[in-house]
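The two complexes that follow have subunit A in common; it is paired with subunit B in the first and with subunit C in the second.
Our next item is the complex of A and B:
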């Protein structure tokens, strides 16, 4: 028998494949995760029903999903924007912590009415996140220091700073437990009418709209796209890669910073160590899934939020381990990488039953 | 016209969305002949060969090889049927030795799985018995085991001696044990040919094989091909260089816009006949260079020094000036500081000392953007690496330099409709083919000539004061070369000062008002095309002092010298001045 696998580089990617990749990726990941569910003696169809259908049809589940979407979409944009310029920001988590620290500090120490305090705290959070990403951005732009390493390592610095602050200078309100004092009401997000989610949801939507317009409609966005595609050609055309690199990191970091304060002002109400459940890292697959546009980043963020919320529902309803949500996330990423491969190559699999006894002449032992 | 050709492709049609790449193409090759396949970029040569090599399926038509129909699904099928292809970009692994590269891809199973007595593939010779013969015959000959072994193991150890013998048979001077990384381009190409020979080809396709070679290496390749053809191998030689087509082929088939123009005996035509077939009209081999009164200086560089990417000084004090309406040609052997000069003048590379004035403004040390906005246009040498963002649309690439112009303002936003119109203007005016929608087609999908037209169009539409053009016509076809040169001359008439850096002496002689020779980062000679002596220029380019015999002292400079002076003869220039007709000027008319 002869198995032949032919790999052929695609000349152009068919439209259905280009646009369908995120969908196939998700479906593929869920199909693979079903194996794990079956292994846990859970009916995957029922489980996915609980996870998705029930979450989405229940107002509480919907609200939770929307709330979870906010930090994910903001950090997703923090990865997406540098990715447009060909850079990797894998440190959105650290930028998120710095934003949370700065925003909380302003919320606790400045007394202003809500209409001024929240914008001020957001500004502070954005600046802190921007600076935290700006450092790797500057190092990359000026000296070509690998931004993957710097952004990642600065994340640990940031979480340790936050952890120190809530045990030291900013500790308060919870006895000896690490954590800051409760934010005053003026610094906490009000709940939006009708939607019944905190006002940070609007911040997230505005950030998506701003990014979409920035990338698709402005000169800066044009330059970011060109630099991302060919930095040498961009430089030759008089575009400053240094400025573009700094810009995407500053703005991206600011988005992550906003995510940090949003989470404190809308959900946690006080700064705690390790308050983020890895939003900044989940942001990476979100940005990859949504790499073709800011609105897609939003959709990808919503999907991951649904995974989080539906996953905990699943945990309660079927007693499956919490790790399963992580497994599904990981499978999404693996499927994404695989999909990229199939986008680039077409694969033809052929099984020939070689029934002609050709080329046997001279074989000393004959067929075994 | 052939009763019994070895390869016959008839009525081949291949359509891509929006483009018919091949339309009813007939093509046949006799056994043991070198058959030139000539056509402009985008004429359908590559598509036709990809069909023959199993990379594409034809929409219609038939292919017969050795009298039998050929139905290929993949290059592997093509190889199995004795068709080999040497691509323009070599497919070699630098770290592996020549012999390993030759065996690679042959699906040679690892030693223990090879058959004793070697009946299978070409590489299985009896010598391997002792080395890896510990597996029982039953396993070795089992079909499933063999299929698996061929799939999942690889034997790169097949005897180097065997490949050496093969190389010797065809007179290849290649050390088969040397890693490919240590070989020069010509040698690497021979390894590619060796790979094909090792697979027992009867038909060898070479895709623009001389594009990467020096003239001396090309000469050597021609000898090799002649030997191969004499031994009965049919060779298809894809090219767009006329001199090559007449020099080494037996017959030539010309394609134009996807259709066969005809097949001719190479001996019965001259280059201008072929050019006419290729382009569909007379081709001017001499350009009209109307006298233009040079104006104010647009560029004044003095004491210019710059380092290359490795930090080694590449420019050692260049003084030069260019006036409006003047083309200053820079001749030199590649690697003597041309790239650094071009980049420094265009503001892409910072000089380590010296000054650059453009239009009387000192721009030394300013950003690239200041140069661009100050009226400097730049056509970089490598159009893919520096000239364009290949994956972005034609529109993105067309607008690269004029992006900041206020005609693209739409309030605070960028006016994409205006960008699109702007790109369409350039595509129209510079005859960029293969663009059905400037927003959709990526620049990387354009053929070399068309991409270069787009780049030159982008640079010239801005009506620059200074144009720095580095090898603007390298690797593009005759029609495009003519167009690009005309465009540069038209711009000269508009008062643009041009620095033209080229390795093609004919191009320099045809376009330049003044000629400078660069050698080891210095201008060593200045002359005008009228007063110039080619031989002397060739000598100067290689560091010679002129009429003396300095060149003999250097082992290699003789070859390089010949290479440079031959450059013109080998190019299209062989027919310089032979023809000049009004019809030929239509190219210029088109632009208007």
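Our next item is the complex of A and C:
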């Protein structure tokens, strides 16, 4: 007689589990990350108080969170859209850099009034980001080259190119320090009234709305979803996976490119090497949390923006490295996929009486 | 020129070791049917923990072992999520890279300015004394550090392990067709755990080699995409250890070229035809920052050529890669 663990696929998910998953995911991640805080002799409860309560009860903290949400939601959409089609864009960070380079270049070299210059710079940033993601998209669509590896590797290429440019051809205005000249006022976002965040916030919201409409209401959005859920059926229905793959990468990359210029025009004011705090990588957990809709991507982006802002608060207050945010991000998703297992299967310990006919079922430790 | 070639070869061999370790580990893991995209994170964790151990104890061998164990520990999470919980291998792997990057940045700050006496240069024991005299390759291959020799020795060992031992054949059968392997009495779950843990230990070794022998320092994010290059290398190698060695040398050479770009002068004479076009172009292409992109671009190029040349069936990917295995219980 053997004891074995039986997994049974659930037909439907009990309500407590469906609603409990997000709670378990966040609480579990924070509990695990508390170990890292304790390791540096920081009281986790006090630290999380600083991170979340102080940030959310302070108007400045809220504004910072809103500002940080912008690049996160845009790069989040850059991952979300390919994910709808079943593809991985893990290189939004590189697309963001290419967008920042192109947008900054336009902002510095074209003289137009603000109402024309910012849209032009955004267009340039979107095209640059779109091309940067379009390369892996094309390679995937045409030859089936693994897009995870290519998008990621092109990120390293993009950051090196940006780094070369701000030390060479685009260097300006800061002595010998790496960095471009300051953007002219006409290329910098004005601050929105009342909200007091830069106007790039609207670009983020528009992108969410556009993506939501695209996915839910348009033919191409429908094709993206079908290709993502069942490429074979899509092909039989006469849909071109090649076109869909290219489309999601071009549009996704364009969103990441917008994020790059937004960050320069709204926050940084000049292009610097390594100006992004890894937004394009945080975009991956954001898209995973929000994979059921663009509005959820926005919510996830706001949550991670809060983590970023709280993380820097923590760094100032307790000297805790801001990389704690990266740790929490990864743990959130690791907890999420753990929780999803329990949504899919019910687990029971069973005594196997060996009454099955001669078969390999019921080997000791079969389910490891 | 012979001196330059020998020097370049020496640097290339040294730079290739990290790819050899990481790619061999990834081959074992993928042969068992589990893609590990956490290599980059496991290498970082191996590099930092190995370095810290060596700073504290002064024993680089202990550091190397701790690095391997740390890589395996992170891989255990991957194994649990992908094998037991049947989660997406892609999500788990990418998140473990993020976790490894975050953890090592978080804990690594304190170790950035520390110095160690890492693995020393030595000649290969027993036969090295004579082989070092060989022209061009002698110094490059036979005067190195212990991890360089170990990596080189592991290539035939892993080949033999995968293709000539019972466990190796079980691994391959599990990666190709887990249902049949299970019917034949192979414990699919146990074999997959073994593969993922070995892969993690190899990635940890790659990282520990980087901090203890190659650079002899710890720097935040020092793996710099080498883990991802190793993942691509496995496809280039078509899941075969001996071909991974070739690929590792190729990328080692690119790494080495970049470090030595300053000493290469290809510029045309100012009066030569086309000098006005060629020289600025060379200046750009030979700029160290631009040259730093070559390993990544070369990886993509090599991937495209490999994948475009073979259709899926002849590329040699394990058939059950990415597929979680469930026993049908009814």
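The rule is short, and it goes like this: the second predicted complex is superposed on the first by the 317 of 368 C-alpha atoms of A that agree within 3 Å, B and C clash if a C-alpha of one lies under 4 Å from a C-alpha of the other, contacts with A are read in each partner's own complex, and residues count from 1 in each chain.
Just so it is clear, a residue touches a chain if its C-beta (ideal position, glycine included) is under 8 Å from a C-beta of that chain, and two chains touch if they have at least 3 such contacts.
Predicted model only: the values in this text are computed from it and were never measured.
**Q** Subunit B or subunit C: which reaches more residues on subunit A?
**A** Comparing touch counts on subunit A for subunit B and subunit C gives C.
**Q** Looking at A:144 after the superposition, I want to know if it touches subunit B, subunit C, both of them or none. Which is it: first, second, both, neither?
**A** In the superposed model, A:144 contacts subunit C only, not subunit B.
**Q** Identify the partner contact of A:53: answer first if only subunit B is touched, second if only subunit C is, both if each is, neither if none is.
**A** Neither subunit B nor subunit C is touched by A:53.
**Q** Please work out whether A:157 is in contact with subunit B alone, subunit C alone, both, or neither, and reply first, second, both or neither.
**A** second
**Q** Where does A:225 make contact in the superposed view: on subunit B (first), on subunit C (second), on both, or on neither?
**A** It touches subunit B, and subunit C stays clear.
**Q** Could you look at A:347 and tell me whether it touches subunit B, subunit C, both or neither (first, second, both, neither)?
**A** Touch status of A:347: no partner.
**Q** Between subunit B and subunit C, whom does A:233 touch in the aligned arrangement: first, second, both, or neither?
**A** first
**Q** Common interface residues of subunit A with subunit B and subunit C?
**A** In subunit A, positions 6, 8, 361, 363, 365-368 sit in both the subunit B and subunit C interfaces.
**Q** Touching subunit B in the complex: which residues of subunit A?
**A** Those residues of subunit A that touch subunit B are 1-4, 6, 8, 213, 217-219, 221-223, 225-226, 229-230, 232-240, 348, 354, 359, 361-368.
**Q** Inside the complex, what are the residues of subunit C that reach subunit A?
**A** 37, 77, 81, 83-88, 90-92, 94-96, 98-99, 101-103, 105-107, 109, 182-183, 185, 187, 189-190, 193, 224-225, 228-229, 231-232, 235, 287, 289-290, 292-293, 296-297, 299-300, 303-304, 307-308, 312, 326-327, 329
**Q** Using the touch rule from the top, collect the residues of subunit A that touch subunit C in their complex.
**A** Result: residues 6-8, 36, 39, 88, 90, 139, 143-146, 148-150, 152-154, 156-157, 160-161, 163-164, 167-168, 281, 284-285, 288, 321, 323-327, 329-331, 333-334, 337-338, 340-341, 344, 360-361, 363, 365-368 of subunit A touch subunit C.
**Q** Which part of subunit B faces subunit A closely enough to touch in the complex?
**A** That would be residues 55, 73-74, 76, 115-117, 119-120, 136-144, 147, 151, 346-348, 367-373, 378, 380, 385-392, 396, 399-401, 403-404, 408, 412-414, 416 of subunit B.
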